[in-house]
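For reference, chains read A, B and C in written order, and residue numbers begin at 1 within each chain.
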Amino acid sequence: MFRARIHLTMAVAALVGLVASAGATAAAKPTVTIGNKNFTEEFVLGQLYKQALEAKGYKVLFKGSIGSSELIDAALTSGKINFYPEYTGVIVADIAKQKAPQTAAATYAAAKRFEETRGATLFSATPFYDTDSFGMLTSTAQKLGVKTIGDMKKVKSFTFAGFPECRTRITCLLGLKQVYGLTQAKFVPLASISVYTLLDEGKTTAADVFSTDPQLQGSKYTVLTDTKHVFGFQNVAPVVSKSLASAGGAAFAQIVDAVSAKLTLAAMRAMNKAVAIDKQSPAAVAGTFLKANHLK
Amino acid sequence: MIAAGGPVIPNFGQGSACERSNGWFCTDWLHAHWGDTLQPALVQHVWLSALAVGIGFAIAFALALVGFRHRLFDAGIGALADFLYTIPSLALFQLLVPFTGLTVTTVEIALVSYTLLVLYRNMAEGLRGVPADVLEAARGMGLTRTQTFLRVELPLALPAILAGLRIATVSTISVATVAAFVIPEGLGAPIFIALDQNLFKTEIVAAGGLAVALALFADGLLVLGQRAATPWSRA
Amino acid sequence: MTVAEAFTPHTFLDAFGFIHHNASFLLQKTAEHLELSLAALAIALLLALPLGLWLGHRHRGLFLAVSVSSVGRALPSVALIAFGLTIFGVGFWNNTAALVVLAIPPILTNAYFAVDGVDADVVEAARGMGLSEWQILRRIELPLGLPLVVAGIRIAAIFVIATATIAAVAGGGGLGEIIVDQASYGLAGVIAGSLCVSALALLAALLLSLTLRALTPRQGPVS
């Protein structure tokens, strides 16, 4: 009876923590509701943080595959999730709609300042960055004779494929049109299929690729140089709601930061490759990585 | 590869030749991922569908009990069910998210809404289709209202009710694949993931095939149930 | 300021504002949607209608008609669209083929039962009068079975229009493109797109009902 009472109290505390995102009692660990966006790298990131926290005794609710930054940000501010991995440049340029800073550190600082005005905070950033890039088939690049994004000005008309939110982002299509003056670009929005499918089938001239995509390792695809830094600096940093951060305290932050610190470019590329090319599950890949680094 | 202070990057192993070249039916992938991807998705899908049909059945039945005798009520419920049915599933899921979040509840509310049309109409039709003289005869035999309902009306309406249940079940299993657009549950989830991974054929074939098989299986089961419950009518 | 807002009662009104401000865009997307739906429906009619009518006339292939109906209903649209993608790649045919597969069952099954169910005595009488098989089908069975045939086409049409929405995930364009893209168009856009799809489906149903009424000869005095 007494034990049942304790279990009931803990369950209610966890429930309150979840529903109100308010801090639970100082002794109990807060429930973490993790969300992630809907592409390979985010699946892996979501799993990494989820499994690392679970290994240290945290209860984690996982809301995988939410969608674009705009949607997942709305999920955070409305309390549906309290933790998700985000790209610093996207926060600054696309959510805060501020002018993109010129260094990675400045981008992180600006992103953190912004999130703190809306009930959230940023934990430490990862060493790796993943910027959108202007990609195309190498054969296309050779045919058009282009090496930098600026070179595309001489192409009379071309299509550019990407996630729908790319259309209105200054770190994506909008930047291409306004900063590079590529007004002749025609946008092809994607819903669920990958840009590489469209590139392979010749359905688009160029596409918004991610710099950590394993497909870019070979020579089939080429990335044009972004001389004007339109695509910004995109290190990953977990966006955490203030209530979760204060409830979790230093112990919580330490666990998360320990994971982030291990995510170098090489590590991320290897994990993305294991999922996208070798068809392993994000959960398994994340688990293997955490175990190898004694985080699980 | 170990750098000073850097991470240990384990060897994740290479995918088989079949996986790397995007084959149609890579048995090694299926074997490796049945337990962590396909089976959980299948179980989730069964649960999502069964729950929706069960709740829809209960609601539709309750409504039909009232609706089959009151014309105005019937028209109203019928119109509502009709309207719900025309809302594209993709839209309905998204519209519910702000209310019920990114949860199974959201998906269930939508799935239940879609079952209401078929279930309600069939039930109301079935109950209405009981001939008046049969009811007269029952009353003449001295049966109470409840007895008439349980022993005469319900059995006679059963074929229509079961036909509706069959259609509702199969279409729910189908719409449940769209649910993966908002929450990563059910057989739609591996399909959407595979679409994003440069059309990974094996996963699409496996998950899609399982969805089709599940629907056919459920349909077959219900046909047998129909035959067992109403041996006097051919399904 | 984020693109996706929480749902307030005002969002529904915003949807109408969206329609007002993006009328030409919505019209373009509706046209795309219609194009895909009509193409699929036309092909399905071409394949299934003659077959169903003929089989029903000959009273053959009951098993086929019933099985096609059962199997057809069981095909999850997402799976079909994914299959279509893997077979045909991205383009016009992957979605059209998937929609054709979905549209065939109701057309085939209803056509079969419509003709098969015509009173055998009437058909016999006609045969006795010396009408050819083709004449029997055209002048007796088809007119009598028309309501059921049109009901099947109506089911297929509504199903195709609704499923064409999902085709947007495979590059199908149309109104689905708005509905899957809450990030760009907001919930208001999703509602607006959804309203347009519903309107299209209702319009198709209405058109078919009117067609049925026009094709059915009126009997007795018009009240």
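Miscellaneous remarks
Just so we're on the same page, a residue touches a chain if its C-beta (ideal position, glycine included) is under 8 Å from a C-beta of that chain, and two chains touch if they have at least 3 such contacts.
Small disclaimer: the values here were computed from a predicted structure and weren't measured.
Contact analysis places B-C first among chain pairs (by count of C-beta pairs in contact). Look at the CA centroids: the one farthest from the centroid of chain B belongs to A.
Chain-level centrality, scored on Cα centres against the all-protein Cα centre, points to B.
Distance between chain centres (mean CA atoms), chain A to chain B: 33 Å. The distance from the centre of chain B to the centre of chain C, with each centre set as the mean of the Cα atoms, comes to 21 Å.
We define each chain's centre as the mean of its Cα atoms; on that basis chain A and chain C are separated by 40 Å. Contact of a single residue of chain A with at least two other chains is seen at positions 78, 192-193, 197.
Contact with two or more other chains is made by residues 6, 85, 169-170, 180, 182 of chain C. For chain B, the set of residues that touch two or more other chains comprises 98, 180, 192, 195, 199.
Chain C meets chain A in the complex at residues 1-6, 85, 89-91, 168-171, 177, 180-184.
Interface of chain B with chain C (complex): residues 24, 83, 86-92, 94-95, 98-99, 167, 170-171, 173-178, 180-181, 187-188, 191-192, 194-195, 199, 201, 204-205, 207-209, 211-212, 215-216, 219. Residues of chain B touching chain A in their complex: 1, 3, 6-10, 12-15, 19-20, 26, 29, 33, 36-37, 98, 101-102, 180, 183-184, 189, 192-193, 195-200, 202-203. Residue ranges on chain A touching chain B, taken from their complex, read 35, 38-40, 43, 63-66, 75, 78, 80-81, 192-194, 196-197, 200, 215, 262-264, 266-267, 270-271, 273-281, 283-285, 288-289, 291-293. On chain A, the positions that touch chain C within their shared complex are 67-71, 73-74, 77-78, 95, 97, 163-165, 167-168, 189-193, 197-198, 201, 203.
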